[in-house]
Amino acid sequence: MNIATKLSVPFRGIITPMITPLLNDETIDIENLGRLINHLVEGGVHGIFILGTTGEGASLSYKLKHELARLTCKYVNGRVPVFVGITDSSLQESISLAKTAESAGASAVVAALPYYFSLGQQEIKTYFTNLADRVALPLFIYNIPSQTKMMIEAETVKSLASHPQIFGIKDSSGSAPYFNTLLYLMKDDKSFSILVGPDEMMASTVLMGGDGGVNSGSNLFPKLFVDLYNAAASGDLSQVLNLQEKVMAMSAKIYQIEKSGASFLKGLKIALYLSGLCSYTMASPLARYEDKEIAVIKENLLYLNKIICS
Amino acid sequence: MNIATKLSVPFRGIITPMITPLLNDETIDIENLGRLINHLVEGGVHGIFILGTTGEGASLSYKLKHELARLTCKYVNGRVPVFVGITDSSLQESISLAKTAESAGASAVVAALPYYFSLGQQEIKTYFTNLADRVALPLFIYNIPSQTKMMIEAETVKSLASHPQIFGIKDSSGSAPYFNTLLYLMKDDKSFSILVGPDEMMASTVLMGGDGGVNSGSNLFPKLFVDLYNAAASGDLSQVLNLQEKVMAMSAKIYQIEKSGASFLKGLKIALYLSGLCSYTMASPLARYEDKEIAVIKENLLYLNKIICS
Amino acid sequence: MNIATKLSVPFRGIITPMITPLLNDETIDIENLGRLINHLVEGGVHGIFILGTTGEGASLSYKLKHELARLTCKYVNGRVPVFVGITDSSLQESISLAKTAESAGASAVVAALPYYFSLGQQEIKTYFTNLADRVALPLFIYNIPSQTKMMIEAETVKSLASHPQIFGIKDSSGSAPYFNTLLYLMKDDKSFSILVGPDEMMASTVLMGGDGGVNSGSNLFPKLFVDLYNAAASGDLSQVLNLQEKVMAMSAKIYQIEKSGASFLKGLKIALYLSGLCSYTMASPLARYEDKEIAVIKENLLYLNKIICS
Amino acid sequence: MNIATKLSVPFRGIITPMITPLLNDETIDIENLGRLINHLVEGGVHGIFILGTTGEGASLSYKLKHELARLTCKYVNGRVPVFVGITDSSLQESISLAKTAESAGASAVVAALPYYFSLGQQEIKTYFTNLADRVALPLFIYNIPSQTKMMIEAETVKSLASHPQIFGIKDSSGSAPYFNTLLYLMKDDKSFSILVGPDEMMASTVLMGGDGGVNSGSNLFPKLFVDLYNAAASGDLSQVLNLQEKVMAMSAKIYQIEKSGASFLKGLKIALYLSGLCSYTMASPLARYEDKEIAVIKENLLYLNKIICS
């Protein structure tokens, strides 16, 4: 039987949006899955989020998604809460995946907007309300306009926060004015968790009152992100600046090898491959980097390991 | 056994992007499905395309998509070719749906880009090549930047057209310079079908050499679109202008009741409901119009029936 | 004294959005200005439009803009109507330029939206009404969302068309559904001129009832565009298809040398330079093509001259 | 004779992007100009920036822009540095305004990209280099993609920073990952000033190492922004959180009365009018709020004055 870890409320800390180790489009790389999960748990992260953007959730088949939810919960085995991404353009499929998550022992589900039709704020509100009404696990809203091409307005979030099933938001917009508006609007509801996506802004949002980060880089350097979160949460500014520079070095040297929107993900998967934590296979439609980029990342990784892990 | 109609090459004429009659998110309205199909076939359309944007394909569960493919082929029963939309953010699911389409007796499949990650033109080319390599039915490319937020460049289309499995393109960009560039680049390959999406520009593209339209309005007024196509294909300009005005009246009075991106679809589904051809249920996340808009459409429909069908 | 040519209403035909021959950022190339104007008038164009996008109007100093208006009217000398672009982010400067246009003998002024602040449709309506109230010459609205990042909605155009000073619209959106909606909404006001920007769609819009084109390519091949306009206006479909292919060849071989938004303009200016009709200088911030691209265009131009002018 | 205040390098602190007090489109409200300048200087701001977005620079005539530069320098009279916005779609006009700024006694000039043509990063680099080569005062780059629709990439900024005439950047993108990338790339060049636009993120950027803010709200509450800047610069986190909440209250209650892009500016101008610091006139194409919104802002201002100034 799988064990669900009850969420602390508000949920605070570092959640790793786990990459999906793949042998090919249809097959999970089970060996590396276990290895990666252990790496994260031992690195001290406060939760693991699967099937997000970093997890290439949208690219995976249904069969594989359900299987990954079960396997992750099994391997995590209650050591940290598991958050399962249930984003889908079909509400029915989101609900179906939420059921699997629940039975597998996940602690929460996470949903971005269905990413085909453009919706107004009222339709967005209705959508998340319908979803929250029909899932048993705590639901986190996921704002990621770079992919969905829609912004969940701060007032919409505030309105949704009163739903008993909605526990927080992951904001990957990268907009600091938006994030600070969320903090301001929700200042009287301390049970609602406000988490940030982009690695580069986690520390500053926590300094300003945010609850933590769902940061891709914590796949590679979990302890760095946990330490930075702790420094920010405890107001240790000089440690924040010290560790922030390492996060920025990682961003510059792993995420920005080329200029496509998925460059962070392509770089990250190669860095994890080079670190012995996953195969380099990406699910269609993304293509993995070729030898040339791999060589660059290999060298950059040596530098990063030196400045971060020493 | 279901009967596949062999496609004429290049495929020319009016393909109806069929709306999906629903009782609720999980249930096809089978009675109206049969009725609507008969309405289309009797209206003279040259093909039926299911699970496109107008068919709310992205919003439906997998089970329902596969079921709709089977039911449509069964009810059409070889009277016109059936095109099955296999657009999905997961390549595996597209392939799976293509297999169902094939076994059900469809004549072709249609795929837009996976609509989560932003892709470059090389990744777009690789994606469609991978897909074409793995489907048995003729594949039509579907360019719909309003939903996918990516444009399949004309040079990319030209390159893909040489794939033996790729038979044509449906362009829903609305851009006349782009469409005319497709016609120019493909002028020496008359076997490749270049079809247009927006109802309002079908006639002008056929006058300029286009192969026809995949027009939502033909759900409601199939004969109007077939007549307009025939007028344009035969160069009867005065008849084109006469019928074009009726198409524009329909666009103004059914599609533009409000300003959201899905207003055409909401209006169309209500007009079909009022015409006794489907229930008014929409799949989440879209919400059907309320009584106020329904009353407006009802009155507009009386006017349209008068000017179009008399 | 300068001579204004009274506009026919609705204005129909081909207006050349003239490039601005420059010696440098601050100096008009007067010799080529006269030569280019003669080339256009002798090519049969129905009007000349200066200081549009093709004329790099936004990049020129105020002094140079006013001077160009005066010089163009002088050199045209009443042979065809002169349209002066008065687009500016400052209403006062638009009005000031309209006054110069009037005193110089221009026939009309043309204004896109002020291109700094994002405006709603009501603000757009107010803006053009304010402007029309304060200019003495006929005003043409210029819809160019690629530059202004705002669409003047069809209903807004219809409302503005009732202003006695507003004579027509140039639509450079490239959207055929939008253009056809304009034609439909204005079908009962035949005095309002609906002109199209992109060269590639002029013929089809005229076939559908449009009044003509403001087409950059007519700088280079004025007679081609005039002939195509005449073929379309008279419903000679086979001649339309014959000439359209030449226009598309020009678009492919001059406008699409690279993929930037200004590639059409860079290519056009080089082609005119190679044709002895202007210097190749562009105003900052655009940079002219280098030798490599010039060599490509030179070869393409030989081909085009052969297929177009023979 | 006007007095220029020499800039400290790097420039740090709060610069007010001053609104332009107007009697009408053509006339500066001189009385309020003096009153507003005194309000800002007495509030302790470290600089005054005229003719930015908040100053409606793009909407003003050339005559008025030059006049405002002279009048502001005269009234400031060396008490704080004056920064003059020279953004223009024409390079020549930017240079001309920079000359007036210099002779009037301004300390620096500020330029966003020319906002008509879309430019690549190389063209952006060339543009700013050309401009910097031709102005005598220190030049600050202004990144404001909401208006120019172009992002000045962080690598481009780094490259431009080596130009001896380029002293810093004002980033109004609102993107925290971008801002932190700037800080990281420029970490070894402490002479380059990195300032932030949006009020809501000033404090967090200064905590992370930013040099200060160019914040619209400091027109209304200069002391609040100066105090917040000082708290952040000195690492006084609890004071930062205390004052940040007041800034967010102002943002919620003045800037977000409606949802247009210029709502912050419309709200701010009314709040300043109600505070006796300017007339409520806006330059075309923006329209001032009507009585209904003014009443809301009046009430909100009472609340804000209570929580901020007590």
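The first chain written gets the first letter, and so on, giving A, B, C and D; residue counts start at 1 in each chain.
By our rule, contacts are C-beta pairs under 8 Å (C-beta built on N, C-alpha and C of every residue); 3 or more make two chains touch, one makes a residue touch a chain.
None of these values were measured; they are calculated from a predicted model.
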Which chain's C-alpha centroid is most distant from that of subunit C?
A
Scan B-C, A-D or A-B for the interface that duplicates C-D, counting it as a duplicate when over half of the contact pairs agree by residue number.
A-B
For subunit B and subunit C, what's the span in angstrom between their mean Cα positions?
35
Geometric centre distance via CA averages, subunit D-subunit B, whole Å
50
Junction residues of subunit B, two or more chains touched
none
Using the definition of touching given at the top, classify the network of chains in this structure as line, ring, star, complete or other.
ring
Once bound in the complex, which stretches of subunit B touch subunit A?
25-26, 53, 58-62, 64, 89-93, 96, 113-120, 123-124, 126-127, 130, 146-147, 149, 260-262, 283-287
So, in the complex, the side of subunit B touching subunit C is made of residues 174-181, 183-185, 187, 198-201, 203-205, 207-209, 235, 237, 240-241, 244-245, 248-249, 251-252
